[in-house]
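Multiple structures are listed underneath, in structure tokens.
The following pair of complexes shares a single chain, subunit A, combined with subunit B in the former and subunit C in the latter.
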Partner chain A sequence: MMFLQDTYDYFSLPLMLLGIYSLMAMGLQLILGGAGLLSLGHAIFFCIGGYTSAIISSTYLPLITDSNLLQLILSALCAFLVSGFFAFFMIIPCLRLKENYFAMATLALGEVLSTVIKNLDFTGGIRGFKDIPSLDINPLIVGLIVLIVYLVLRRFYKSSMGYIIRSTRDDDIALQSLGISHFKSQIIAFTLGSAIAGMGGGFYAHTIQFMSPEEGSFNRSIEILLAVVIGGMNSLTGSLIGSLVIVAIPEILRFGPSEIAQNRNVFFASAVILLMLFRPKGLIKHGS
Partner chain B sequence: MVLNTPQTSIFSLQNITVQFGGLTAIDNLSFEIPTPGIYGLIGPNGAGKTTIFNVMTGIYTPQKGDVVFLGSKVTDLKPYLMARMGLTRTFQNIRLFESLTVLENVFIPKARLLSTLKYLFFIETDNYKKTIEFCREILNFVGLSHYENRPASSLPYGDQRKLEIARALALEPKLLLLDEPAAGMNPSEKKELGQLLDKIILKDLSILVIEHDMRFMMNHCPRITVLDHGKIISEGAPSHIQNDPAVIEAYLGKSMGDLP
Partner chain C sequence: MYDFLQYLLDGLAIGSVYSLIAVGYSLVFGVLRMVNFAHGEFFMLGAYLFMFFFNLKIPLWISFVLSALFVGMLSVGMERFLYKPLRKSGRFAPLIMAVGLSLFLQNFVQIIFSPNPQSFTVSLPEGIIQWGEDILIRKKDIYIFAITLVLTFVFDAFIRFTSFGRAIRAVSMHPQAAMLVGIPFNRIISITFFLGAVMAVVGGVMQGMSTNQIWPFMGVHSGLKAFAAAVLGGTGELWGAVLGGFFIGISESLLVGYDLSMYKDGLAYLILVVFLLYRPQGILGKKLTVKV
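The block that comes next holds the complex of A and B.
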């Protein structure tokens, strides 16, 4: 029994991280694979969601209810809404730019917001936000949320807006000739995708119990981008598999001989390069 | 949008001038589509045909003049609003939603009218079924039913063109602009396209075609407008156009005898 308990304790953190990365990756999949917008500042919305959860769960939420589960759900909901709110107002000016220029704008956006967080008082500034309550977060809850988001997004892709978002990626000029403004669908995809990342950030804050401005760094945005691209940009299932790859491979390499374990970033990078060489369109080619 | 012309004319351009820097692409041009039917627009390369299309669909705003559609002034309207009024187009280089299936491509113009939230929460799915049925009918009409679930990019060239027309028809437009629909087609594909146009025109709409294939134009357009250097140089039935000296000069140049 002790062994089982230890195993569970060991695996619960990577499992929760897997769930959180899956949420972020699904959000980015909607933005990149859905609407065809390359967002390089995805992690900043994750960070905003994390701070929202951190602040609200250490101040207001305990006043509303004693139930940890309810607090967790409310906290995730707030993270979802607040990061969606930010994304909505950030995307509108960015959409004046196209393609690579748009990507650069989102990159700058991430850096600017992260600097703002560093210089605010109520976020804890550069030292970060400490002692966030864990609210008994466990892999089961995170997994359940991932499943719900996955199913809702699958259905969303089959709805009218889902189809419009996918056609925006293919050809926005043709879309306009059919009476549909591509701005609306791009805004919806970006806002929803960023809000899902924000929800992931909320869970992350409760899992790690510490948020710092570095969580929204460019590095993490790229990591998530990697997950989406490895899994296959056009597939929602692909981004789940992509997250599994980027969370599991470094974790598995930890168990290898010490030469590998100590240099696991090198091996991870090589594995990614090999994957991209042999499956340039991602592990799952077609899908929703 | 102000009512300023009687409802009789479907579409008109009134004294349009378009300039790109110092170059005048369209020069004080007036053009009208009075009644439903197929209209042709021809002219040598650089005559301004595509510019006219872009003015008509709202991509360019002319420096001078008015665009009137269904009795409303639409000069400053954005392309997607023009399309909602019932004016749509196909493109010279085919623009399909390549990752969507054939049926989904035709579904897009109607998607705007369907509720996403009601679908997400299983409240209203009947409208979706009805719309899909409507799209199937259109595919049947253009003869692409058997490709329904194939990705649009996998279709042969001629069928891709047909699909683009089907997608435009799904919008139920009043005026359909076809930009070089027969370009790159083999003779049998051109014949099929001609038959399709003859079938479409039985629905209550107007078609304006730009095309370089003269045989195709002469066979299918009862009325043709010829454009050169941003001006209309001739207008009328195909037989009239073919014998107009101004048209011959624009395409072939002056005969040696006429040179000074």
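The block that comes next holds the complex of A and C.
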């Protein structure tokens, strides 16, 4: 039994990180593979969600209920709503930009928001937010949420809105000529995807119990983008596999020679370059 | 009032470096309609290679020429072998490729040199000129500003009066029509990448000489701001990019001067968003036919 307990303890952190990355990757997959919008500021919603959870769980939530599970659910819900709210107001002006310009605008807005977070008082400023309650978060809960989100998104892709979102990606002009607004579907996809990332951020805050403005940096956005691209932009399952690759490889490399472990970013970057050269649509082929 | 003038002058020096990088972004965007995200890395690589050659006891000018040639060839190679195959494969492939390249170059430099900032031992003439009662100008800053202006004039003349320059302008006006009249499209693209990279190398070396320090992430740091400068000036416009660089440099220096330095790094991005949304053609740009 001791052995099982130790194994569980060892794997619980990477497992939770895997769940959190999967949430973020699925959110970005909906935006990139679903609606065809390249968001380079995805991590800022993760950051916003994390701070939301951090703030409400260390101040307001204990006043409402004593149950850790209920607090965790409420905290995740708030993270989801608040980051969705920010995403909604960010996307509307950005939608008049196309392709690369849209990507640049999301990148820039992400950096602007992270500068703002660095300068606010209630976020702890540049030193970060410490002592976030863990609320007994465990891999089981995170895994369950990932499963629910996965199933809901799968179902969502099959709904009429899901089809509209995907046809926005393929040909927005054809869609417009059918009298369907692609703005609405893009707004829904972006808001929902960012809100899911925000929920991931909430779980992250409880897992690590510390949040800093760096969590929303461009580098993390790139990591998630890699997860989605490795798995294949058009595949929801692919983004789960991509997150597995992103989280598992550093854990495995930890046992290898330390030179490789320290320089993992070079391997990631080379992987992206090779993928783009030989399989620009991602490793996994998607049926549609 | 004196304070304001002082910050303005400081800003011109910072802005010169942004301008030199922005020119490359702008040119490449002009001919290929593509944002070369990895362009900032040429700036970083230029500074590192210059230092590397210089430490081998190679004379100053030769180290500069070597690093410019090397980085220029690298950029041409990158375009040939990594960007060109992607021209037809989807909207995001080149951008993601550029992000990957940028990440690769940063980390590669970290491995070869060191993740920590390195000292840059070459320096422009030290010394301070006092002007009036309160305004102090570093001699370095005058050199940097002057070199930027001279280079931009040379570059402008190159684009205006040489046949290569005419070809670059033709390709950025209408690639298909340019190909029809026999302009070697791919060679022009290569030349554009080469020239942009050389300008970035000059910027990198000057940045190193100005702060006496180089670090692996200086490329992303200044590169993204330079990109903002290029958009600000109107992508595809040479003088627009230079003006945009000065604009961002001066506004950063003003923010720092008036005790708002915490907001400094967000400012360039804020300017970028505002310009993208409300004046996507930039300060000097003409209305684009492609709706952005």
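Miscellaneous remarks
Basically, the second predicted complex is superposed on the first by the 262 of 288 C-alpha atoms of A that agree within 3 Å, B and C clash if a C-alpha of one lies under 4 Å from a C-alpha of the other, contacts with A are read in each partner's own complex, and residues count from 1 in each chain.
One rule holds in what follows: a residue touches a chain if its C-beta (ideal position, glycine included) is under 8 Å from a C-beta of that chain, and two chains touch if they have at least 3 such contacts.
Since the structure is predicted, the reported quantities are computational estimates derived from the model, not experimental observations.
Which of subunit B and subunit C touches more residues of subunit A: that partner is C. Applying the stated contact rule after C-alpha superposition, one finds that A:6 touches neither subunit B nor subunit C.
Within the superposed three-chain model, A:136 lies out of touch with both subunit B and subunit C [touch as defined at top]. Of the two partner chains, subunit C is the only one touched by A:263; subunit B is not. When the shared chain is aligned, subunit C comes close enough to touch A:277, but subunit B does not. When the two structures are aligned on the shared chain, A:99 is found in touch with subunit C, with no touch to subunit B. In the superposition on the C-alpha atoms of chain A, no part of subunit A is touched by subunit B in one complex and by subunit C in the other. On the side of subunit A, the complex with subunit C involves touching residues 32, 36, 38, 40, 93-94, 96-101, 103-105, 107-109, 111-112, 114-116, 118-119, 126, 218, 222, 225, 229, 233, 263, 265-266, 268-270, 272-273, 276-277, 280-281. Only residues 57, 78-81, 83-84, 88-89, 91, 95-100, 104-105, 107-109, 111-116, 119-120, 128, 167-168, 171 of subunit B touch subunit A when the two sit together in their complex. On the subunit C side of its complex with subunit A, the touching residues are 34-35, 82, 85-86, 89-93, 95-97, 99-101, 103-104, 106-108, 110-111, 220, 224, 227-228, 231, 262-263, 265-266, 269-270, 272-273, 276-277, 280, 291-292. Remark: subunit A residues 152, 155-156, 158-164, 166-167, 169-171, 173-181, 234 touch subunit B in the complex.
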